[in-house]
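Labels run A, B and C following the written order; every chain starts at residue 1.
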Amino acid sequence: MSAEIPLLKVENFGLEFRTRSGVVHALEGLNLAIRKGETVGLVGESGSGKSVLSFAMLGISDAAARVTGGSAWFGGLDLLKAGESDLAEIRGREISMIFQNPRTALNPIRRVGAQIEDVLKRHAAVRSADLRARAVEALRSVNIPDPERRYAAYPFELSGGMCQRVMIALALACGPALLIADEPTTGLDVTTQAGIMDLIAERARASGMATLFITHDLALAAEHCDRIIVMHAGHIVEAAPRRELFAAPRHPYTAQLIRATPAAGSLLEGLSAIPGNLPDLRRRDLPSCRFRERCERASSACDAPLPRIDAEALSGVACWHPLAVVAEAA
Amino acid sequence: MIRVIALRLIGAIPNLIGVVVVTFLLTRALPGDPAAFFAGAAATPEAVEQIREKLGLNKTLIEQFGLYLFDLARGDFGQSLSTGQPVLTELVQRLPASLELTFFALLLATIIALPLGIMAATRPGSWIDHLCRLITTAGVSLPTFFTGLLLAYVFYFLLGIAPSPLGRLDPVFSPPRPVTGMYLIDSLLAGEGALFRACLAQLILPAITMGVFVLAPLARMTRASMLGVLSSDFIRTARASGLASSTVLYTYAFRNALLPVVTTLGMVFSFLLGSNVLVEKVFAWPGIGSYAIESLTASDYAPIQGFVLTMGVLYVLLNLSIDLIYGLIDPRVGLEA
Amino acid sequence: MSATLRHIRYVLSENLVTLGAFALFTAFVLLAVLGPIVAPYDPLATDTARAMQPPSAAHWFGTDALGRDILSRIIIATRLDFGIAVAAVALSFVFGIALGLAAGFFGGWWDRIILRLADTIMAFPLFVLAMGIVAALGNSVANIVYATAIINLPFYIRVARAEANVRRNAGFVEAARLAGNGDWRILSHHIFPNILPPAMVQVSLNMGWAILNAAGLSFIGLGVRPPTPEWGIMVAEGATYIISGEWWVAFFPGMVLMLAVFCFNLLGDGLRDIIDPRRRT
């Protein structure tokens, strides 16, 4: 990776939700950076705040969300402080997003071709005569067979995998610099999953697009990402290039995640679960390290405020007792 | 597509049959001697017997039903005692007045309810939202006949803006040349501006009266539906794609939110057709509702039977149309058929 | 139980409007019960010398064309209007739930016939059907009750049928049968209690609608005859005068009618919030 200005740099980002049952401290002190052309995996349990982070980047958070601090610099604009019109320019053109449940993520009563045209009309200076051709081309570029015919299809007429491809076409129609993929393959069968992931990788390679790949599936992240960031309960606990993370995880949570991931040939009895649950984020007395109550290595040193991982660092760990790095024979 | 339409049409037939059967039973359920009722209070015993023969009231119920169906098919809905006219003739003559009132009321209600519901959904907690909630709760509590009287009192008596609530058209004018039977449309077609304004002036108050009542369910459903749609996944995708907020709101959200609103129209028409009767009495509107009321007062039963049958058939056809319109708007409907 | 009470208190405090509606409802019930005692004048006593007087200290709501005190007539009418509504809704409830349970529980022909019955009723604009029924059966208060009860049947049939269907398909019924319960016990112990919450919401909303219906029917001359005081017929009596400026004859009965219906609608909404907030609109 060249030492250039990162595409997206998030520093000290915090976010909370105001709900009837209290304030949920969803995200705290997040630092991360994504470079041009990088594929970064963001992994963590359900409820760790991965999707919340991505929604906040695009300014499409739930109405109850409040940013408590920090910045998210993208091309000279702080996304967290930008106005709605500035954000609307960036969404779909510079930063795009694809979601899980592709079928519900598309307008059910509008033809997919029209939906792609809507994005083209909005962001690309395309003449009306060329719109249809560009839309069909977009469908073809995501390997949808018979795109001329599929242009007029409704989402309910397409399979889940095809709907996801349509979403990818929608997201990539204007050639964004960053694609955020929020659990894009959850709910799809394994073969389709592989096809989708390969498609994303191929398109990213072809256009030099960066990808932020959000998933709870560590194995999937291992296969497709250059660098992995691990989140737990609204904190970033570790970041490392792929090989380093799996060879020598430094945060106890990461190690447990890796252990809990089934590998080919695992036995049911051999699977380990991570003890405990995510802490209730509405608590006012949340410890500085939110993994503390589930961690076997905790001590009084853990009362001190967590060391934060530097945004632009390639690797780092937020722990007072990181696992020792054992030098392995290559 | 044709298949869907055909299936819907077939699905409406049991309801039509039900309507015909019920109207038949209603007249045979008359306490006492049905023949005497149809013959009227002033009839001689011979006249009563004649009616009994004619209507076949001494035959079995099944045979009577057969006769009834045969008469209906021939267009024989019986004779009105008070006017001496065939019931069908009078119904056909008066129907356009009722339809004009009903559709105009629906138009008024929709023009207000839909934007109100949309704004209430996009600005939760604002004064528009509270206004919407107030209207939706108060609106369904308003007795239509009372609202009509109040409006007439305020706008005609107190303010002098509205004309006297005495029917469809000021006697100074003569009705436009009948093309559709609806004065507004016919006067426009004939290019007579002053006549159009006069007809509109008479139509406004009764239409507002009816419209206010159905404003409530329409606004409520629009608001609820919009709220639901605005929090759905595909709206999030649309926003994440950077689409303009007007596109998101109208092309994406509103069209989808419209679907449950169309379904509500069935109930809305039930209210409209029912309150039609009451409003026609208050404003002396010469439609089929006032025809029924006049007949009730005169204990004239054949028109009442004709009226209930007409309203029933009309309602079934309206519901069928709503179903078909829904099928046209929602491409997913073809699947279930 | 305390959790339910806390929830009720939360909803009521959130919703002062519901509390107000409940207070209003109690006031109406008291009027209905204590009517004759509270009314200042005899509702039927005519006094042509004092006909068509606007509201005054002696007659708060004025007098009508026959010199009768309007306030007293309105108070006495409360009992009749509420009585009609309660009777009609009670009949609808009992028969509608029974039919709906049978349809959902036994299925097959029961289901088909009962559903056909409900659909046939719903095939008419409801007020028109009520008109037809009263015209056919005869012009009396009892028939107004029956007509209103009939047109409200489909709501209860549907609610009960839906609940019974859900339980039947979920295997409740088979499990209960296997445990040795007879049909009757299953219905009364397992299915009926679950129907109550949505049915109660329906009852409150239907009460308002039943009052409107009865008033509408008497407005067009069906059911209640003069000189009986009833809100709808009083508005009809005042209709001819309001256009020429004597507004109080129709205004006060109409306002009270509106208030009563409004009260029931608010109660129904409040009940729905308590029982099933998910269905709130």
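The rule we apply is simple: a residue touches a chain if its C-beta (ideal position, glycine included) is under 8 Å from a C-beta of that chain, and two chains touch if they have at least 3 such contacts.
All of these numbers come straight from a predicted model, not from anything done at the bench.
*Asks:* If each step moves to a chain the current one touches, what is the fewest number of steps from chain B to chain C?
*Replies:* When the steps are counted carefully, the minimum from chain B to chain C is 1.
*Asks:* Kindly indicate the chain pair that has more C-beta pairs in contact than all others.
*Replies:* Highest contact count belongs to chains B-C.
*Asks:* Please compute the C-alpha centroid of chain B, do the same for chain C, then give the distance between them in whole Å.
*Replies:* 23
*Asks:* How many angstrom between the C-alpha centroids of chain B and chain A?
*Replies:* Those two chain centres are 54 Å apart.
*Asks:* Would you mind pulling out the distance in Å between where the CA atoms of chain A average out and where those of chain C do?
*Replies:* Chain centres of chain A and chain C, defined by C-alpha means, are spaced 55 Å apart.
*Asks:* Would you mind writing out the residues of chain B in touch with chain A in their complex?
*Replies:* My answer: residues 232-234, 236-245, 247, 251-252, 255-256, 259, 329-332, 335.
*Asks:* In their complex, what parts of chain B are in touch with chain C?
*Replies:* Per the touch definition, chain B meets chain C at residues 14-15, 18-19, 21-23, 26-27, 29-31, 137-138, 140-146, 149-150, 152-153, 156-157, 164-165, 220-221, 223-224, 269-275, 277-278, 281-282, 292-293, 296-297, 301, 304-305, 307-308, 311-312, 315-316, 319.
*Asks:* Considering only the defined contacts, which chain A positions touch chain B in the complex?
*Replies:* 58, 60, 84, 87-93, 96-97, 99, 101, 104-110, 118-119, 122-123, 154, 156, 167, 170-171
*Asks:* For a test of understanding, state which residues of chain C touch chain B in their complex under the given definition.
*Replies:* 116, 119-120, 123-129, 131-133, 135-138, 208, 212, 215-216, 219-222, 232, 235-236, 238-239, 242-245, 247, 250-251, 254, 257-258, 261-262, 265-266, 269, 281
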